[in-house]
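Before anything else, here's the structure in question.
As written, the chain order gives the labels A, B, C and D, with residue 1 at the start of each chain.
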Amino acid sequence: MPAHFPVLSAMLWLPIIGGCVVLLAGRVWPEAVRWLALLFSVVVFAMSIPLWSEFNTHTAAMQFVEQANWIGAFNVHYSLGVDGISMPLILLTNFMTVLVVIAGWEVIHYKLAQYMASFLIMAGLMNGVFAAMDALLFYVLWEGMLIPMFIIIGIWGGPRRIYATLKFFLYTFFGSVLMLVAIIYLYLQAGSFSIAAFQQMPLGMTAQVLIFIAFLVAFGVKVPMWPVHTWLPAAHVEAPTGGSVILAAILLKMGTYGLLRFSLPIAPNASHALMWLMIGLSLVAIIYIGFVSIVQTDMKKLVAYSSVAHMGFCTLGFFIIFLVLARTANQDAAAMGMEGGMVQVISHGFVSGAMFLCIGVMYDRLHTREISAYGGVVNPMPAFAFFFVLFAMANVALPGTSGFVGEWMVILATMHANFWVAFGAAFTLFLAAAFTLWLIKRVLFGPVGNEHVAKMQDLNKREFVVLGLLAVAVIWLGVYPEPLLNVMHASVTNLIHQATISKL
Amino acid sequence: MSAFLPMLLVAIVLAPLTAAIIVGCGMRFIPRRAAHVLTILAVALSTALSAWVLWQMVFAGMGSYDINLYDWGSIGNIQFNIGFMIDRLSVLMMTVVSFVSLMVHIYTIGYMAEDPGYKRFFSYISLFTFSMLILVMANNFLLLFIGWELVGLVSYLLIGFWYTRPTAIRAGLKAFIVNRVGDFGFILGIALVLAYSGSLDYSQVFAHASALAGQHLELFSGLVWSVPTVICILLFVGAVGKSAQVPLHVWLPDSMEGPTPISALIHAATMVTAGIFMVARLSPLFELSDTALSMVMIVGAITALFLGLVGIVQNDIKRVIAYSTISQLGYMATALGASAYAAGIFHLMTHAFFKALLFLGSGSVIMAMHHDQDMRNMGGLRKYMPITYFTFLAGSLALIAFPGFAGFFSKDTIIDAVHDSQRTGAVFAYWCVLLGTFVTGLYTFRCVFMTFHGKERFVVEHDAGHDGRKELAPGHLPHAPRESPWVVTVPLILLGIASVVIGWLTIQPLLYGDFFGTSIYVAPGHHVMQKLAEEFHGAGAMMVASVTTPTLWLALAGLGVAWFFYVFKPAWPAVLARWFRPLYLLLLHKFYFDEAYALFVEAGSRALGRMLWIGGDGAVIDGVLVDGSARAVGWFSRILRRGQTGYLYHYAFVMIIGLCVLLGWLLLR
Amino acid sequence: MIQQIVFIVLAALTVGSALGVITARHTVHAALFLVMTFVASAGLWLLLHAEFLALVLVLVYVGAVMVLFLFIVMMLDTDSQSLRQGLVRYAPLGVVVALIVFAEIGYVVYNRELGVSFGTPLPQAAGFSNTRALGETIYTVYAFPFEIAAVVLLVGIVAAIMLTLRRRPGVRHQNISKQVRVSAKRGRLRIVNMPSEPRPPEKNP
Amino acid sequence: MITLFDFLALSGALFAIGLAGVFLNRKNVILLLMCVELLLLAANFNFIAFARFLNDISGQVFVFFILTVAAAEASIGLAIVVVLFRNRSSINVDDIDSLKH
């Protein structure tokens, strides 16, 4: 691939073009829809691999930068670029899109072309969100991405899908409107929509606090942080499997990404002043939601709640840096917390995606998500049980799986800051074990629950490939996370530096 | 040699893993025979290589070895490595682990012969061997924790091996979660180590251990703790979970739901001793805190005595041995608490052999009884299965510390060490472990007598069909009990021999020679072992001297009582149980730990979860915040709606009047 | 002087007939009053030298639009009694609003400097043709708006037709173009491929 | 002399009458349309008067356009009335209230 090839633009537009092609194919050549969707997603994923292989890990600067004028009058640019924080997320997006396309292969019958196209278009928009260096571009893509998700849940969702889509849409829209206000304010101050300009511009304390809160509402809804998390279980329960996977694996990550890209560097003083709020909310997410997860009777709801708890670790890792630096001045420990949060972001993408796929596999066979409708699934489906236990263990953060890395680093970093915060965070060890393994116990193990379970077919080749790929990713990241940490390190160090210099 | 060693160490670790993966992934394709051949070869390789390294260390003067294999992750100066530390402590553990594992592998061929999960089982135990090996070989806290959790995982999988049994899967879940409670403390301890010493490598941490001693931590306002005390207590919480000490012991008896080879390997010989090993491994840290060591000792002593008592009233043969395991782990912990790490590890080793033997022996009995584990249905098995009987007897004698047997040397040393210890709580601990010997004698031989002696309480139904397929009531057998096949008896015999001689052979070098060298650190002033060393004049002399100690006589008293009640007057125990009914019930219900946990932890957390879900998420967040704001908007709209009559002319009027007002305002302003 | 008399008469006629429009009992009367208003207004416009527009007003408004109004009023069988119910209810409000607006307009006209000289219209050159001047302006300066006005009218025509067009069910039409377009290959003739030998009988029907 | 003021007063009176007509005949759609015509006529008066007194022909051009638009408006309005009557058998504004229900 030539050096000047606009790879990020390709990441943004190729899936969207692919989506349009698939839509068109749905009319003229319906048999090719699946293969076309797969072709596009695989090509996009293959094209994103150079992002990793040619990434310069020694610099925190944006790489693969593209710049063009968009709306000259308002100084808006079409500018794309990635650093160590966004690049893994783009890879994750494209990887998960491939899996979602395969996972929907023969499950979706109703409006297949539109289904595939929605995911492709969404992949393009999400890539754009992660690559955007211009706040207005970011905002447009951020909002644009709501539409395919809205459609996915609204058309292929469960019986209460309209309620869920409305809740999902209103929540996220409420947040993003505040974000728009903040972006416009920043534009008026900086005279440009460039995120880099926002980050370098001095700001008064009041302005910082207001901007921080505006961004917090926008991103906190997406993460989702307690107490704005209640849309997530509703949306997950009603979403089709692919929708849940993308929702959990990528959409939630945009919230954490936004916190890193906007909140911390643009309002460092406010972040510092409000760190206890963030730490407190994170701990509430970890402990409170952990308990809530235990009593869920719907498998998807359980995993959705556990997502909230796991994302609490990400935010904890991001905002513990101030406390770490205040107590110890240990830059490396702060970086460990933030990188732990980032690893948790990536890992949660794999693990929760895998969990939802597993639930989808069972749902395709029995058409229910109620835990009590299952029991002894391991008897008819041993291969499936292997994968489900593996991903459950990753959800429990067992060492050797990706889930462990993030939690380990965050807890260790948190201990540098405060014993009791670490104590609270460590609750996840047995809360996660309790809700995940209790789920496993009730669903997988035991004698065959009923005659429907007895008739379940084990994984077919397609499902085996999807889960197998995820298993490889989960174990690889758990056994050898250094490559990922290495990619992030320069950017995280830079971010911590930005977050600790006063902008007043 | 040193270029060759890393590969060799990796081979020790990876051989079982490779076998486990091949057997596990190829479960559908490879024959049963290949499954056990492959895994046994792999574990045999590990055993042989471990033994070779041990030989090199002890006799060829090889020094200890610390090597990082690869960089797991690094953030600036904080390095997480995957690496091995091979010194005499770890190499001893490696040898014991791989040897016992090998025995169990061989035994499994016979025990699991008819099980449909045969290949899966071999895959699991090989995976376990791998996990346990990385646990003991780790050179840093990260790998220790990884191994620590992986053995927990395999334990979970193996307890729930018969996944259609509700009790088994429940026990597995319980084991995992209780262990996780321990890990809760463990990971916090590790985090504190990193926070205060800046590294997780043993060598670095130990080198800077003394710097930790002076530091303090204010946990509650006004209450200042010394950092090593907090670290060690937290780490020990991990050991409490893994090594089944009070109050986190509840999972171990339930874990007997797993297949018997597992009980022998994981829940007796190796995994449960990980906590003991960990404390010994981290002795440079624990030596910094007298408080933490006192706690270790007291917890260990309580476990040793009181859970031994529970063993007296159990009727399930495996549960009796499980409680004895908990009790013996308590002995080891007590030894650690008295700074007698060498004695603790020594007991760990002897215990590994004789407890594995006892479990495998009980497994042999269970096979003969057609998987009935209730001792009330046994009796008089001595004449049917002599090999099992004699090996079991050897193990039992070792367990009650009969002079000459392996357990005698280790346990007596522990009791003496505790006796000599000056630490807070040592007197209490001494009485606990001393009385514990009587209890040990009692429950051990109660088990022996109920199983192998006395009247036959089972019924042989010859007409029940010779294939034994028909479901029989407990205590009813299709044919007379028979001795087990050679794959079962050979490990029994090998372990039996080990149980008899291992203490005699190794006490001198292990305890009083300088075997452990620098791998165990004892602070000056804590040297209980030195005092014992002055009194030690060889294994034979120790045996002779034991006649004058209360230990032997208490154990024999226990044995005698057991004989009296279970051979001589078998009707009396029931009478005694009636007389001392509250005490009996207390023991029968294992001090009501399970009930309390079920009530407070299990039901409590579920109730809390439901409250937070329905009350917090449902009522407050969704009800008041979300729906509340929606309702507020709706209420406001309803008021506004009154203006929207829907009549065309009303809108026209409003427009006109608005125009008037606007014009008027423009004119008058 | 004559002009003033004419103005007073026509103005009175305009206002009076306008009042008649809004107070007439019958819709037809109201329409006729409106015609009167327009005609009087056209006279007034003549006084203002807007001859062309005065004629347009009479021709287009009175001649076309008002006839259309009368058409509709007569075509629809409206119940004018029910339409007049509650007339008085809003009448005071209407009068008050009308007075207020009139007062406001009067205030503006009377008190504010409007930038023009009251009362002295400039004399026009001899041979001045109002129609010609208007035409020159419309076809040069306002050519484009003029075209748009034409389009607006076209749209009005199309919309009015579309709105009132009614398809009656059950009416038989001849669709000539369809009849002409028909061909044997499309729709009329279908060649079915049949197996030449019978299938073996199936076991389960 | 006829002054500009006279014309403006006349147009004001017409405008006020048109407004009052909207209030008075609020139920009859056809009369409402007629009142709108009155309002437009008032506006036209102003344009023509100013065109005359400012000696600017553009005012008359505007009247021309207003007449055009008013004609289109009247035709479409009446078409709607016809459709309405066809569907509801009434041109009473009170009956046109589906927005409310």
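What we mean here is this: a residue touches a chain if its C-beta (ideal position, glycine included) is under 8 Å from a C-beta of that chain, and two chains touch if they have at least 3 such contacts.
This is a predicted model, so every value here is computed, not measured.
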Farthest chain relative to chain D (centres taken as mean CA coordinates) | B
Which of B-C and B-D has more C-beta contact pairs = B-D
Which chain wins if you rank chains by how close their C-alpha centre is to the centre of all protein C-alpha atoms?
-> A
Would you kindly tell me how far, in whole Å, the mean C-alpha position of chain C lies from that of chain B?
-> 94
Averaged over CA atoms, how far is the centre of chain A from the centre of chain C? Could you give it in whole Å?
-> 60
Distance between chain centroids, defined by C-alpha means - chain A, chain B (Å) = 37
Can you list the chain B residues in contact with two or more other chains?
-> 653, 656
Expected list for chain D, residues touching two or more other chains, is 19, 22-23, 26-27
Mark out which residues of chain A touch at least two other chains, giving numbers and ranges.
-> none
Treating touching as the only link between chains, describe the layout with one word: line, ring, star, complete or other.
-> other
Can you name every pair of chains that touch?
-> A-B, B-C, B-D, C-D
Would you mind writing out the residues of chain B in touch with chain C in their complex?
-> 653, 656-657, 659-660, 663-664, 667
For the chain A and chain B complex, residues of the former touching the latter | 167, 227, 230, 288, 291-296, 328, 330-333, 335-336, 339, 376, 378-379, 389, 393, 398-400, 404-405, 408-409, 411-412, 414-416, 419-420, 422-423, 426-427, 429-430, 433-434, 437-438, 441, 444-448, 480-482, 485, 489, 493
Residue set of chain C touching chain B in the complex reads 90, 93, 97, 100-101, 104, 107-108
Contact footprint of chain A on chain B as seen in their complex = 70-78, 142, 145-146, 149-150, 153, 156-157, 160, 163-164, 166, 169-170, 172-173, 176-177, 180-181, 183-184, 187-188, 190-192, 194-195, 198, 217, 219, 230, 605-606, 608-610, 612-613, 616-617, 620-622, 625-626
Partner chain D, residues of chain B touching it in the complex = 644-649, 652-653, 656
